[in-house]
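I'd like to ask you about the structure that follows.
Letters are used for the chains, namely A, B, C, D, E, F, G, H, I and J, taken in the order the chains are written, and counting of residues starts over at 1 for each.
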Amino acid sequence: MLFHVIMDVKIPRDLPADERADILAREKAYSQDLQRQGKWRHIWRMAGQYANVSIFDVRDNAELHDILSGLPLFPFMEIRVTPLLRHPSAIREDDT
Amino acid sequence: MLFHVIMDVKIPRDLPADERADILAREKAYSQDLQRQGKWRHIWRMAGQYANVSIFDVRDNAELHDILSGLPLFPFMEIRVTPLLRHPSAIREDDT
Amino acid sequence: MLFHVIMDVKIPRDLPADERADILAREKAYSQDLQRQGKWRHIWRMAGQYANVSIFDVRDNAELHDILSGLPLFPFMEIRVTPLLRHPSAIREDDT
Amino acid sequence: MLFHVIMDVKIPRDLPADERADILAREKAYSQDLQRQGKWRHIWRMAGQYANVSIFDVRDNAELHDILSGLPLFPFMEIRVTPLLRHPSAIREDDT
Amino acid sequence: MLFHVIMDVKIPRDLPADERADILAREKAYSQDLQRQGKWRHIWRMAGQYANVSIFDVRDNAELHDILSGLPLFPFMEIRVTPLLRHPSAIREDDT
Amino acid sequence: MLFHVIMDVKIPRDLPADERADILAREKAYSQDLQRQGKWRHIWRMAGQYANVSIFDVRDNAELHDILSGLPLFPFMEIRVTPLLRHPSAIREDDT
Amino acid sequence: MLFHVIMDVKIPRDLPADERADILAREKAYSQDLQRQGKWRHIWRMAGQYANVSIFDVRDNAELHDILSGLPLFPFMEIRVTPLLRHPSAIREDDT
Amino acid sequence: MLFHVIMDVKIPRDLPADERADILAREKAYSQDLQRQGKWRHIWRMAGQYANVSIFDVRDNAELHDILSGLPLFPFMEIRVTPLLRHPSAIREDDT
Amino acid sequence: MLFHVIMDVKIPRDLPADERADILAREKAYSQDLQRQGKWRHIWRMAGQYANVSIFDVRDNAELHDILSGLPLFPFMEIRVTPLLRHPSAIREDDT
Amino acid sequence: MLFHVIMDVKIPRDLPADERADILAREKAYSQDLQRQGKWRHIWRMAGQYANVSIFDVRDNAELHDILSGLPLFPFMEIRVTPLLRHPSAIREDDT
């Protein structure tokens, strides 16, 4: 089941540099692990923004929430979730 | 080059039924042709909305505009465009 | 899987009275049938508004969209969808 | 009498960890006590948000305000209240 | 129980003059009848607007909705409802 | 002359407790004194909000501003002012 | 007593040309008459907009509303009113 | 050439009292000097707000920016600028 | 003197085709004439929108308004105007 | 390929003066270097704002993002990006 998620990141200026670096490293590992599992299907950067657009493929709303609330950057993100489904004009097999 | 596009459709109630059917048929063919060419890379329906989220892969802004303004439903859509690029954490080869 | 849905209704003034009455009767039957099936779990009127708040319990996003886009009043509604999940403090068995 | 309430939680980053843990424990106990009394009828988590949707069943506006302003997390919440009533299409006995 | 209600009126230009006059006369009678009963406690015009601010004193949300949805101008109004209660600093006996 | 005023209060978390208590005590005395003079005609709490709706009866805009900017909580409030006048359907003598 | 008023004009396309011309002529006469009386103290066009910014000097809110609701263009305007008063730094005698 | 300017002031709470007093004194002198030169033609307080509406009469956009960015309170203001011109219905000689 | 102008075009569906074609032809000629005079310095299409971003170089606000309100498409446009000036980091001679 | 970019700058008050001066000097050099390369084609100040409007001419979205995210002021800016293309009425050779 697919979800469209926009994540806007605002890291507070007074976060210590090493704490920041640690969070960013864990965020990247966390994201790539989920991408390898096929649950975080796409991730793109929005030009000029510290923000991304992602497509998740999860079992249900609860799994989506577990993934998002487990993001190392979760406390510093504003997140918008939109449930998706196959479009009747889609031809690509895997956009479902 | 990738673009994120949201299309909200509002077809006026007084559009004659056959004109409406004709526009929708041409819209579908137009979309599927561009999907086959690889320029309209993804299209998903947003749950509960007469709207879609799409990813386009085009040569430049001008080609994107040509495609969008050529949509048979273009006069009845509100469109939002966001330029995308590869995310530094992406692992998928083709999300570029 | 639960979804929170707000439906704002704006029926155009020039809809013929019998067409309007027919749509409203079909809307009521449609809603009550889904309530009996357990898919439209709750529906409440918002005070002073021609609008409702509903909770749906469906298999997935696609089923939610089928139900919402099949509403007889769908062309005259503005709909907002929010995916829900069990709250960690919930004690009621069936709020899942 | 029913009310629809959305609570968005924003706990400040500099709240000491033990104070935070204490508030969250009291919040949970407070919520579950009111759920057991039948006054906090439903509570759901919104996917990807530190926020909930709740339905309250209270005597009047004053009781609703007493409950909400007594929440241990009240100083850290943005709250939106909508008065509800039975929908004419509802079939469930207890959605009143 | 008190509610704060803002009503913005937008009467369509093509409403026949006599239908308009009839609705406005019934609106006034309806409002004054409820004022006499003490249910529509206050009504003020907002300067420069075709809009009013009102205070209702009703038994519950359902009665408020019955009153508002029964307004002859209801189809031409945008309504915002806010539940009120006695303020801890109020000294006036009847602001409850 | 009547004015409708909404006051949203946001007291900063780092205000020392005694300073806060002092401001709140002075705010209450200030409000009640003006209520006794008949200038602060009504004050109601908005349910679930640290906010009030008030009706002021003052000589002119300047007196309204003097009263509002003199509120002990003024630095911590967001204020919205709407000028009111007698509604043509009002029956109550003192809603003028 | 001074008020700041912004008037946005949207004349419907299907208003007959002579009716439109008549309304505009009456609007101009109405405005200039009030300017001569000193009640409509200033009027400026906003560049690129069919809108104006005006300053009114009236006895009270009721007189302001009488003037605004009497505008021949009133049914085709969106109006925003802000009560003004003398600024403590003003040096001009007549900005009061 | 005339400009309509709204200035909303938000002075941070932790600005030392003497620094604050100094800025406010310089702001007043700066404003009155420009008023005497005829460049800051009008200034009014908005009731209930720490904000003003002003009319500037300057040579061009660059002079307007020099004046506004030179305000001692500039770092603590949110500013909105609207270019004005003579209204075709204006009768006052100096509203140009 | 430079101005940044965004023009959103919404041509009503019921405008007769020949009237529409005539307006568009006159709009193009009007724009190109002003471009040749150097007053309409730049015009760009916004991708996916029936809208443009333009830079005007005019004598004053009045001339800008004359140009904009004279656009054949003016009745069908929403226009936003922002006054510009030379940026202190600009190196290009003619961005003034 | 052209992009329209608005940059709103909000430098935090507690940034040390020398750090601020250093960032501003590097920002200016960075901008002028890109202007000389022809990639930052235009930059204008918005009157009364600590903000600019810019036109970039870059190879693709990725280059635009590299440039914007490399701005020394990037952490203190809110940025809005709009992809542009040649307008069909443009006569200037280089607005492409």
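Keep in mind that, in the parts below, contacts are C-beta pairs under 8 Å (C-beta built on N, C-alpha and C of every residue); 3 or more make two chains touch, one makes a residue touch a chain.
Just so we're clear, the structure is a prediction, and the values are computed from it rather than from any experiment.
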What's the overlap between the neighbours of chain D and those of chain I?
none
Rotating chain E so that its CA atoms sit on those of chain I: what angle is that, to a multiple of 5 degrees?
145
With chain centres defined as C-alpha means, what is the inter-centre distance between chain B and chain E in Å?
45
Using mean C-alpha positions as chain centres, tell me how far chain A is from chain G in Å, no decimals.
51
Roughly how many whole angstrom separate the Cα centroids of chain D and chain F?
28
Residue list for chain H, restricted to those that touch at least two other chains
2-3, 45, 47-48, 61-62, 64-65, 81-86
Chain pairs in mutual contact under the definition given at the outset:
A-B, A-C, A-D, A-J, B-C, B-I, B-J, C-D, C-E, D-E, D-F, E-F, E-G, F-G, F-H, G-H, G-I, H-I, H-J, I-J
Residues of chain H that touch chain G when the two form their complex:
2, 4, 27-28, 31-32, 35-36, 41-48, 52-53, 55, 82-92, 95
Please give the residue numbers of chain J that touch chain B in the complex, ascending.
1-3, 60-62, 64-65, 81-86
Using the touch definition up top, name the residues of chain J that touch chain A in the complex.
3, 5, 12, 61-62, 64-65, 68-69, 75, 79-81
Chain J residues touching chain H in their complex are 13, 45, 47-50
